[in-house]
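Got a structure for you, written out below as structure tokens; questions coming shortly.
Note that the chains take the letters A, B, C and D in the order they are written out, and that residue 1 is the start of every chain.
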Amino acid sequence: MTAIIALSLFGISSLFLGFWFSRKVLQSLTLVFLLVGMALTAADWNQELLWFGHMFRTTNTSINFSLLIQLAAFLVVAFSRGFGNDDEHTHPAEYYALMLFSVVGAIMMVSFDHMIMLFVGLEILSVAMYVLTGSDKRSLRANEASLKYFLMGAFATGILLFGITLVYGATRSFYISNIGTIIASTAPESTPNFLYIGVLLMTVGLLFKVSAAPFHFWTADVYDGAPSIFTMFMSTVVKTAGFAALYHIVGDVFGGIYSTWVMTIYFISMLTLIVGNVTAVYQQSVKRMLAYSSISHAGYMLMTVSAHQISSTSTILYYSLAYILATATSFAVFILVSDYQTGRKEKPENFQSFEGLAKNNPGLAFCFTISLLSLAGIPLTGGFWGKFFVFSDTFNRNMTYPIILAILMSAIGVYYYFKGIIAAYFKEGDIEKIEVPTLFKITLWVTTLATLVLGVYPSLVKSIF
Amino acid sequence: MSFIYLIPLLPLLGFAINGLGFPRISKSLAGIIGTIPPLVAFILSMQLFLNFDGTTQILTLSEWIKVGDLSIPLAFQIDALSIMMLLVITGVGTLIHLYSMGYMAHDKGLGKFFAFLNLFVFFMLILVLGANFTVLFIGWEGVGLCSYLLIGFWNQKNSYGDAARKAFIMNRIGDLGFLAGIFLLIQHFGNTNYADIFSAIQAGDVPDNVGLIAFCLFVGAMGKSAQIPLFTWLPDAMAGPTPVSALIHAATMVTAGIYMVIRANVLFELSPEVLHFVGWIGLATALLGAAIGLFQNDIKKVLAYSTVSQLGYMFMGLGASAYSASFFHVMTHAFFKALLFLGAGSVIHAMSDEQDIRMMGGLKNKMPITYVTFLLGTIAIAGIPPFAGFFSKDEILAHLYHHDPWMWGLAILGSALTSFYMFRVFILTFWGEFRGTEKQAHHLHESPLSMTIPLMVLAVFSVGGGLINLPHFAGGHEFLATWLAPLLPESEGLGEVSFLSLEMGAPLMAAFLPAFLAIYIFGVKKSVPSEDAAISGIQKVVYHKFYIDELYDVLFVKPIALMSNFFAQVIDFLVIDLFVEGIGKGVQYASTEIRKAQTGNVGYYVFLMVISISIILFLGLKSWIL
Amino acid sequence: MQSIPEIIRTIPLTHYVILSSALFCIGILGVLTRRNAIIVFMAIELMLNAVNLLLAAFSSYYSDPSGQIFVFFIMAVAAAEVAVGLAIIVMIYRNIQSIDIGILNKLKN
Amino acid sequence: MNLLFILFFPLVVGLILLILKPAKAFIWSFAASLIELVAAGYVLSQMAESASPQSYLHDWIPEVGISFSLLADGISGILIGLCALLVPFIIATTARTDKANNAQYQGLILTMQTALMGAFLAKDAFLFYFFFEASLLPIYFLASIYGGENRQAISFKFFVYTLFGSLFLLIGLIYVYLRTPGQIHSADMEVLYQTAHGLTAQHQGYLFLAFFIAFAIKMPIFPFHTWQPDTYTTSPTQGTMLLSGIMLKMGTYGVIRLVLPMFPLGMATWGSTAMILSIVGVIYGSIIAIQQKDAKRLLAYSSFAHVGLISAGMLTQSVEGIQGALYQMLSHGINVVGLFFVIDLIERRTKSRELAQLGGITQASYVLSVCFVILSLGSVALPLTNGFIGEFLLLKSVFDHQMTLGIIAGITIILGAVYTLRLIQKSMFGNVSRITKDFEDLSAAEKWVLIPLCALVILGGIFPNVVLNFSEASVVQLAQLVK
């Protein structure tokens, strides 16, 4: 797994490069780094390898996840413009470096084979995110967000660690492959009870990362307070990594004791669906709406996790991909519009600031619409097939109630996503042409088209996953 | 016999030309274009009649509807019955077309008018030519449509439009019954061809719900032939131009019901209770119509009600399975009622669209031809020998006498009423001195030739029409009966009757006495019906048609209107839609509630997390350990 | 003279589990009850230390070093966390002259 | 290949219009729709003479056994024909209006056509669903950009309501699909039929409900209809035509294609309920229509009533019923497009649809009134009009199925006459009103749309066999599958 080494080096080096180069250069450099990282990641395709004293295992699944994560990071970097208003007082180099580091952490989270890797990866990711969240030092909202994120994150880490410890106590191993076999081999009655507690606590710790209800409270506030670009990062990279880790743990390691955690995930997924969708209806701020929507999507993916099918992995991958593309697109447009409206409207992040977008910016409106449609799971977009696969996995387990609930909730979802479309197309507003950087524009169209392609020809990637 | 197709097609052609040509084709030309087709059709029918060899023949144009094992052909059937109807329709039709050229001369819609008339003739011919009930149904509804169009011909006047709608809708009610009958027939026989059905029945394959079938068909007849309870549209239908009333609402369309029952006599014969029902409905209608006719002052209304009651007679005849007699009456009635209507039309024409007989009087010098012809018509309908009406009505009565004396008695009463009100109208219109305004007085004039010729021709038929089926006792040999015999069941011979018997005498009394009474009251004492306001008591009830329209209004029209608003505004809007919207509102409410958990306080968040963790652990341990 | 692992083993494992669980819960309680960001943070550290203790106990019981390695990792990472966390707290103190987490609820709903 | 062309050609042109926005949008779209009509006509005639269905198969998502398979047989052929036939008329109705050269508008119509065609052509159940939902988007944008007052709320309600319904369809489909044999399941309708037949009566019951609700909302069937009057009223005329003329048929078609052959046992349990609901809708809609003041709204309710009868007829599962339903879909499509166009013409000239304010138009425009009467006669099912054939067969099938229901449903021919004649009289007859007194006669273009429609109404009444024979074989096959 040379990618993480490379990326760490890139991170460090970009810190130094920051002395000489401007933001633009750094940005393109980071993109290049990420591309290299992807290439290195993909190099291990189709060969099960162990690294770093067997603490680290690269399988195709983990590679897919790593690629997804780097893709997400790539999009975020591509969509990143000036941090704050000017590049002088802010330090782009640090931000890019931190992003690279957290990508490293994320990759460790998706391909760990030893608890330490999980923990360290998680922490690398989180600590970097604490910083990025608070990066806008003068904004009180950012401060509050970062403190909340930090406190609750640390708390969750504590829970996770306690869980790990108990599992270790029960199985005498940190190697999850061993853990799996040990659990499988020992008779249920002879396994100490705190194994189960450990499993549950680990699950909880990771559920916090993917912001599943009732451990979702930080999400809305942190997403809201953080600078939009890092919100994008959190809702794509962090979430994907979290899900990969979660599924790796409960699916692969504790698959043998499915019954111990399935009920928890089962109910939590339903609760998450309800909380995410229903709360989103009320939101006036697009940013918060997207925050809740990311909660609700966690709910959909958890349905697959709880279904625990062979196909679940590929479903999660597909869903994450569609979700990453759609979220990145919608956030990108959101960033443009809210930046444009700052100073013009007193609440630049609300739906009102999108009114009349289609008149002078048909392109932006279109991309925004497609991304929202994809999030809402309407055909022609990747989101539809994501939902489709989720439903079909869940049905394989004959879990009828979650399906019914999921349907009601996706109907509700349509309701709040379309608030954006309605604002953009059918409301009167006064938005002149917003000028968009070339790279930004290209990336925007690429993600949009990718969403459509996923919608009409899903097997393009489905065949890989 | 391919020229048979021409018979219906010619009027259709006329309709097409006039319809598409309107209003470019000049009025005179339009009249001619409109009149020629029925004339030619009549000649062709005559041709058909003359060399008809008594064998029923069926000509299939094409498959019409073919679904699964149901197959309905577009087929024509030529037999004694249809030929007779052809003659009546085309014959009377031609005369009325001719008459219309004069009557409508001043109307700018003349071309349209002739188009509609031709269309009507076309559908009527389809109706009688059809070789199965479904094709009959085409004509059946088609004539309904034409009557709708023609009643509402002067549609600027909303009341006319209402009358037209009323006619169409009431017919539709009947049609539903008819349709049900058709479905039942298909259910049992697989198709609706007369030939197949009747031969099947002769072969003994009698559906056990034959009574129901016959009843459903009769419901259709009720609507079409204005029987109780679906008769109220006919008087209103007089809103249409008078030639329309003559052709559609006297001579042809309204008798479609009788035609259909005769056509389906096999079915009806199998269900005596339905026949009985038919008879009594007919009787009730006859009496009601006659009674209402007594006090009407609108000349056309009187004729309309008399039509209703005459139709009642025909159904009475059918009820007594005196099919040929009823058909005989259909024909004579076509003659004299058409004559009367046209006469009335010519009067109205002369009176510049005045229809109230209280405004008329003393027209006999001003318009002699109309006077004479109208008189002949009146005598004919009153049933005074040896005019056409006498023979036909008398034959029906004779059958009733043998069928059910009570019916017979009441029928006699009815014919007495008829004779009275007809003479009343006649006298008030033509005798005494003129009661109208000056303006009307000084352009009173005899109608043009195009109108009087039809009058005269029809007068001749009204006088001599009886010859078609002159009974034995009068030295005839019942031509019509023998002509139709192959299509009809064996009717019991009526035995010999003499002029002196009660059976013979009563009708004569019923014809003559009321006539004299009417002459005495209105001719000698010159009394004139009082103004609407002055009418009172039972007479008022009768004058207002026993308030039947109002009754229907309260029973059906208003409730449906109320229901409509209730459904639209309460059920749809307040119940169903509120529920639908309610779901959305509910979600929004839930949203405002749930988001309150997001207090923004870290401590609180952590607290909730801890709580939920402990719940999870508790449940977990409970389920796996304890 | 016994080796330290032996001494450790003289106390049954469950005691360690109970003790560290108690510590952990105390930490949690601290997080719940205190409003001062620093003290909350210290409570979290307490939770981590509970974990460390337990890990050490396990590893010496199983005479498997990896547990103690893990402890070192936790300590290191915790240190990093402390650095970031204190930085954040300082930053907030700069802005609102207070580190009371109770008044930080601008972001809600 | 032909099928692919039929399916995607409108989309291509539609996208050209949407993206490039050429100036002469009307020419583009109208020409496109005509080409489409010719192509469809060619394919259908091919089928008619070779008497064999045409199909196209290509991998789509092999991983989960979802294929891109199209089928044009007797049943779908009718609806393809309907869709191809109506769209040119619908586009022609925009001639000489502000919408004529509005590229976006025309583009949306054409995109819509592809979505509809796809739903009718699909042989793979998920492909069907894909288009079934995709068709919502263009119509939603049409309605909420170009609609009347309060358009956003209403069309949004329509969108969510129908989408919500179709989600039930989705899970129903997935449920059956997961029970198809093989490691990789299949969503081919034939396979689904077989699989569904194997399910227990109880499951079939639930699935029937899931499917039927989806389609019932689309049609709509009482009591799922409350989105319909508002949507029809506020949508732009062409939108209403698309909705009532074609899109509604996706629901009825879905019932014929999916519900009837898949769930015989479900039908046994719930069929009668569904049929009763449909017939309630027939009467209910007709009665409401009687008192409507807004002409468009009146037509909306009448369409609601008609589709109720169609659904009732289909649910009898008899050949007559299904044939009648198909034929009535065709006729109803033609009639409503004509009727809505007439209303639109009146509205263009008088700026009003209020029946109370209209009247006497026949004096101003003889042709308009004649066409209106002919179209109305078609919708009141007068013999020798296309409406009669359909309603005759439908009523017969219901009547055979259960006599009382047949009679109740039959009341529609009375009530239908009541509200239709009222509509005619209030608009065409009577005295000219303030706004109709200077009512200008039809332009040539308008005549060229109306008169062919009227011709179709009458031809459809005289030569129904052309269509009936076309679908006969497939329907008989289907009916056997049902038994």
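Here, a contact is a pair of C-beta atoms (placed from the backbone, for glycine too) under 8 Å apart; a residue touches a chain by one contact, two chains touch by 3 or more.
Keep in mind the model is a prediction, meaning the values are calculated, not measured.
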Chain pair with more C-beta contacts, A-D versus B-D: B-D
Chain nearest the global centroid, as defined over all protein CA atoms shown: D
Chain centre separation in whole Å, for chain D relative to chain B (CA means): 37
Approximate Å spacing (C-alpha centroids) for the pair chain A, chain D: 43
Inter-chain centre distance, chain B versus chain C - centres from mean C-alpha coordinates, in Å: 99
Interchain centroid distance [CA atoms averaged], chain A/chain B, Å: 78
Set of chain C residues in contact with two or more other chains: 31, 40, 101, 104-109
Shared interface positions of chain B, touching two or more other chains: 584, 595, 598, 600, 602, 606
Chain A: positions in contact with at least two other chains: 147-148, 151, 155, 220-221, 282-283, 415
Those chain pairs that satisfy the touch definition: A-B, A-C, A-D, B-C, B-D
Sites on chain D touched by chain A in the complex: 59-64, 126, 129-131, 133-134, 136-137, 141, 144-145, 151-152, 156, 159-160, 163-164, 167-168, 170-171, 174-175, 177-178
Touching residues (chain side chain D, partner chain B) in the complex: 157, 160-161, 223, 225-227, 229, 284, 287-292, 318-320, 323-324, 360, 362-363, 366, 370, 377, 382-384, 389, 392-393, 395-396, 399-400, 406-407, 410-411, 413-414, 417-418, 421-422, 425, 428-431, 462, 464-465, 468-469, 472, 476
Touch list for chain B against partner chain A, complex: 584, 587-588, 590-592, 594-595, 597-598, 600, 602, 605-606, 608-609, 612-613, 616-617, 619-621, 623-625
Residue ranges of chain A touching chain B (in the complex, touch as defined): 147-148, 151-152, 155, 159, 193, 196-197, 200-201, 204, 208, 214-215, 217-218, 220-221, 259-260, 263-264, 274-275, 278-283, 412, 415
Complex contact set, residues of chain B against chain D: 19, 22-23, 63-68, 70, 137-138, 141-142, 145, 148, 152, 155-156, 158, 161-162, 164-165, 168-169, 172-173, 175-176, 179-180, 183, 186-187, 560-561, 563-565, 567-568, 571-572, 576-577, 580, 584
